[in-house]
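These notes open a run of structures that come right after.
Shared chain: chain A. Partners: chain B in the first complex, chain C in the second.
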Partner chain A sequence: MYKSLLYKEWLKIRYFLLGYCIIFLFIAGYLFLDIRHMLTMGKPIEIWLYIIQYKMLFYRIVKFIPLLGGILMGLTQFGPEMTKNRFRLSFHLPLPEIKMLLFTIGVGSGVFLIINLFFYGGILLVVAKYFASEIVISTAKTILPWFLSGMAGYFSTAAITVEHSWKYRIILILVAGGLISLMLSERGYEEHVFVIWQYIIIIVMLAVTIIFPGYRLRKGSK
Partner chain B sequence: MPTKISRYMFILLFILMAAVYLPEFYWKIFGRRPDYIAVQYSPIVRQFVIQRTLSYMKTEYFDLKGNSYSQIEFEKLLPFHYYLDLDKWNILPEKVQNIPIDISTIRKKSQHFFQRPVNLHDSSIQLFPLFGSELDFARIVLPDEVFRINDRMEFIDVRKNIINEGRTSDFTAALKNAGFAFPAKIIAGNPTIRKPFDEGYFIVDAAGSVFHVKTIKNKPFCKKTAISPDLGIRYISIAEDQRREFYGYLFTNSDEVYLITYDNYKLIRLPLKDFTADEMTLRFFADPLYRVISYFNSEKTYGVVTDLKYNLVDSCFMDMVPFEKTMIGRIDKGLFPFKIETESENSIYKSFRLRPSGNLGLIGMAVSLLLFVFIKYVYRREKLSDNPLDLVIVALTGIYGLLAVLVIRPEIWDKSADPFGY
Partner chain C sequence: MENVIECTNLTHRYGSKLVLNDLNFIVKKGRIFGLLGKNGMGKTTTINILMGFLRPTSGQCMVLGENSHSLSPKTRTRIGLLHEGHLAYDFMSVTQIEKFYASFYPAWRKEFYYELIDKMGVSHDHKLSKMSCGQRSQVALGLILAQNPELMILDDYSMGLDAGYRALFLDFLQAFVQENKKTVLITSHIIQDLEKIIDETLIIGRQKVLLQMTIREFMRTFHRYSFQSSRSDLMLEQDDFIKNYENIKNKFTVYTFATVDDCQKYLQNHGIEFADFQEIPMTLEEAFIGLTGKY
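Coming up: the complex of A and B.
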């Protein structure tokens, strides 16, 4: 049962995953070239001090990619299910709908998390090639909320897609949008270091939220 | 059960979002710039003179005796601030308190600095450039290395991102000879080339002693200063100035402020009463006759003036009306039982700080609760036993909870709401 469900998920998300990997390889490659170019064209010490003192986020290109990825991942997984109410078909399976929903987002978020861990590491490796460990650690702390926003984006998109009433969709969009934009607002580096745990709690809460629209879908509530 | 929990998670997220953004919207709509007060000391009338910019951009000039001035009269009282204007009008006095002055003397004998609470709560990558002192050329040039101090003083060549072992061992040895205990707790300098000369860094070691570290003609200079390790130094700021009176200033854990002088690093304590570094902005102004220090937050402004030897001459205090105490601020408190602040003026770090509104907030909470009871039990005719937790949520979170539970309505729960109910 779970094996077939897993296969179904794989069929839906494989092209997305391929595309996401390609985009991230491209971004990492671009970042590598960009840093090298920057250090070749300018005096390296000026670049370093610009990063340290003026808090230039030279890796800013990464910022919205995880969020965009999360949203697209949610759409590729739940979009096809929700067109023509196909998802209701799976309510005939001998599996409670909540368990099935949790399994589906579990698979999706697990795969997305693993891929993002690789990308996170990849970006840090690129930075470590040219900069001292202090700058690498600062980068790690600064881009972590961006990756967390990807997870939050995934769970909220899943819930928004499964929800079939526009009233709740709009509320979900407002709530998720408001909370995700907190994770993405900064002027310099390391501003979010004291609220990482709070963000993780928010993400878990967003994940659990999907049960409510799922239940409403099966009940056919307006 | 899980579906109910899921609904409550949704409600909690809604409340969190609302508690962050609703007060912010309220502030965006009704917020007004608070009055801005600048306290200065006039060497002409020998008393504090005050410039107050009101929220509607009108500026008032007055002194503490109740005299008010026009802008030109005000500038005449402060020749050390407005000497360019006075010179243009040909009314710059030749002598102030029997001391002859002209533009160049004023410039040479003036110095100021400005310290905001956010400087104490700021992120900083602990890598620093070490400039050369007493070089052959007039201009300061950027080095090709930055240093860090962990178990030694390491210099990283930024061109190749590798450690320069030669310089590292030179400086580590020099620090050890001076009695430095690794690693460093605070490294404070002025890492810019836009300064007249370089004084290097003041470094607090693991034992709390303060060292002065710079490079003179490419040789390390490390000196243990006489500053007591028991002072409890929290923050040091260094700024080179042609006057060469002090290297900079430091804050201690007990909110004392000291200047670090060129006289063998002797400390001068500034006579500041009720100063809190975490909340107050500090402004220091040295002119040819006085040292004028003012410090303020949104509620209070203090002014202190000393003579050239830092003996207290006069001090003043002014109250201001903060946003919380205006009518709009009171409505804000009644409407929102609490706020969640994610950003602060005094820190660059994000937070989820819960700010309760105090007793005024209880009014709003009671009104919300009454409204909820009316809508739910009278208008919608629901049973008291249905979703009793909703009531608790409204009672605890006021308007946020009211909006949340009214918008995110409970379903008619059935047994299959249990995922394992099959």
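Coming up: the complex of A and C.
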């Protein structure tokens, strides 16, 4: 039965995943060419000045891609379930409803996490091609919250889409928006390094949030 | 005979608006039960409660021995639901949706599904989102038949269907139910189609049950009489005797469960002169309108 659920999720997300992979390959390629252009055309002192002194995040183009991906992934997975009351089809399947909901979100987040790990590694490989390990490590620490914001965006979108009361939906949007904007606010390198664990705890909390709108939806209460 | 559905003292409010008031009914095993009523009388609310998607304000519905609000997964395998608008995962194709559902139901009979699909001449890789409403209805019915459930709850199966698809739907349903001794609760806006299929009906009016009986008994005991009266200002009182009446240019039409003699006596006792008194036969749809009113 869970294999069938997996099959359904695959049918929903396969084209999105393909599109996301293409966009990320394009971004990685652009970053590669951009760095090469910068190093070829610029003087070493200028590059040093911009990167070290002015804290210019030369990989800033990546910043909002995971978040955008997370939001679209959540919509791709839960949008079709919620339009035209189609959630009723899923809730009538002979499976415990909450377990099914957690399985669905588990599949989505698992696939999204794996793909993002590849992209994360890919970006670092591009940086490692031209820069010293200190800058690669610094990049890893700086862009990690951006990827975490992608996971937060996915879980938040899933919960907001499943939520059927506008009152709670707005509250969720405000809370999730606030937390995600924290992960994306920085003016330099490695600014979030001391709060990464707190972010992970927030993401876990956002992951289980879907249980509440899901339960209320099943029981028909507002 | 075993009760498959048993609703007791069902009451539901949306805010301060009372929709269902102390509704009681049972559906026995092996019957095709029509839940009828005009728009806004609480049919969909009742169906939503039966399907477990709405918690009633008070009262309860037992479905296959379990409270409809907390049906176990095992019991859900025994219930086939047709949702209003023939709801389905329309991002799937004909084959994909069959493959998806098959593993959930131990008594799955895919031949029932493909028999209906092949009747339509639709290719098996056709996406549901690209199908007409009629075609989607056959897919939804095919999936329910393949599920082979003990109880089928079909909410407004006729929505958006032309006469041909309605007939196809009902022919398959009737053949399946008769052959496999299934129980069906069905609602529809097209009453005339149900006449040949349902055994028993519950007609709900504004916050009350108008009747619950077998179709045969309803059609045998409910009458439409017409007569001429010289009084154009004649107003009849709607009560337990006169269920409904119309007056068009002094030609009265009365709907009642009373016999000809009783009706004539009633009119005489109320001092109403009449002429050209006659009974006019009715279809189920006419009887339904007679009981519930046109407005």
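The working rule: the second predicted complex is superposed on the first by the 220 of 222 C-alpha atoms of A that agree within 3 Å, B and C clash if a C-alpha of one lies under 4 Å from a C-alpha of the other, contacts with A are read in each partner's own complex, and residues count from 1 in each chain.
The definition used in the following text is that a residue touches a chain if its C-beta (ideal position, glycine included) is under 8 Å from a C-beta of that chain, and two chains touch if they have at least 3 such contacts.
Keep in mind it's a predicted model, so treat the numbers as computed, not measured.
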{"item": "Clash or fit (per the criteria above) of chain B with chain C on chain A", "value": "fit"}
{"item": "Contacts of A:Asp34 with chain B and chain C, given as first, second, both or neither", "value": "neither"}
{"item": "Partner chain in contact with A:His192 - chain B first, chain C second, else both or neither", "value": "first"}
{"item": "Chain B versus chain C as contact partner of A:Pro94, first or second or both or neither", "value": "both"}
{"item": "Angle, in degrees and to the nearest 10, that opens at chain A between the C-alpha centres of chain B and chain C", "value": "140"}
{"item": "Chain B versus chain C as contact partner of A:Leu174, first or second or both or neither", "value": "first"}
{"item": "Comparison of chain B and chain C by chain A residues contacted", "value": "B"}
{"item": "Contacts of A:Lys219 with chain B and chain C, given as first, second, both or neither", "value": "both"}
{"item": "Minimal inter-chain CA distance - chain C and chain B, angstrom", "value": "5"}
{"item": "Overlap of chain C and chain B interfaces on chain A (superposed complexes)", "value": "94-96, 219, 221"}
{"item": "In the complex with chain B, residue positions of chain A that touch it", "value": "43-49, 51-53, 55, 94-99, 102, 129-132, 134-135, 138, 168, 171-172, 174-175, 178-179, 182, 185-195, 198, 202, 205-206, 208-212, 215-216, 219, 221"}
{"item": "Sites on chain C touched by chain A in the complex", "value": "48, 51-55, 69, 73-74, 76-77, 79, 81, 83, 85, 87-89, 91-92, 96, 99-105"}
{"item": "Chain A contact footprint on chain B (complex, rising order)", "value": "2-3, 5-7, 9-10, 12-14, 16-17, 20-21, 123-127, 129, 142-146, 148, 156, 158-159, 161, 191-192, 342-343, 348-352, 407-408, 411-412, 414, 416-422"}
{"item": "Sites on chain A touched by chain C in the complex", "value": "1, 3-4, 7-8, 11-12, 80, 84-86, 88-89, 91-96, 218-221"}
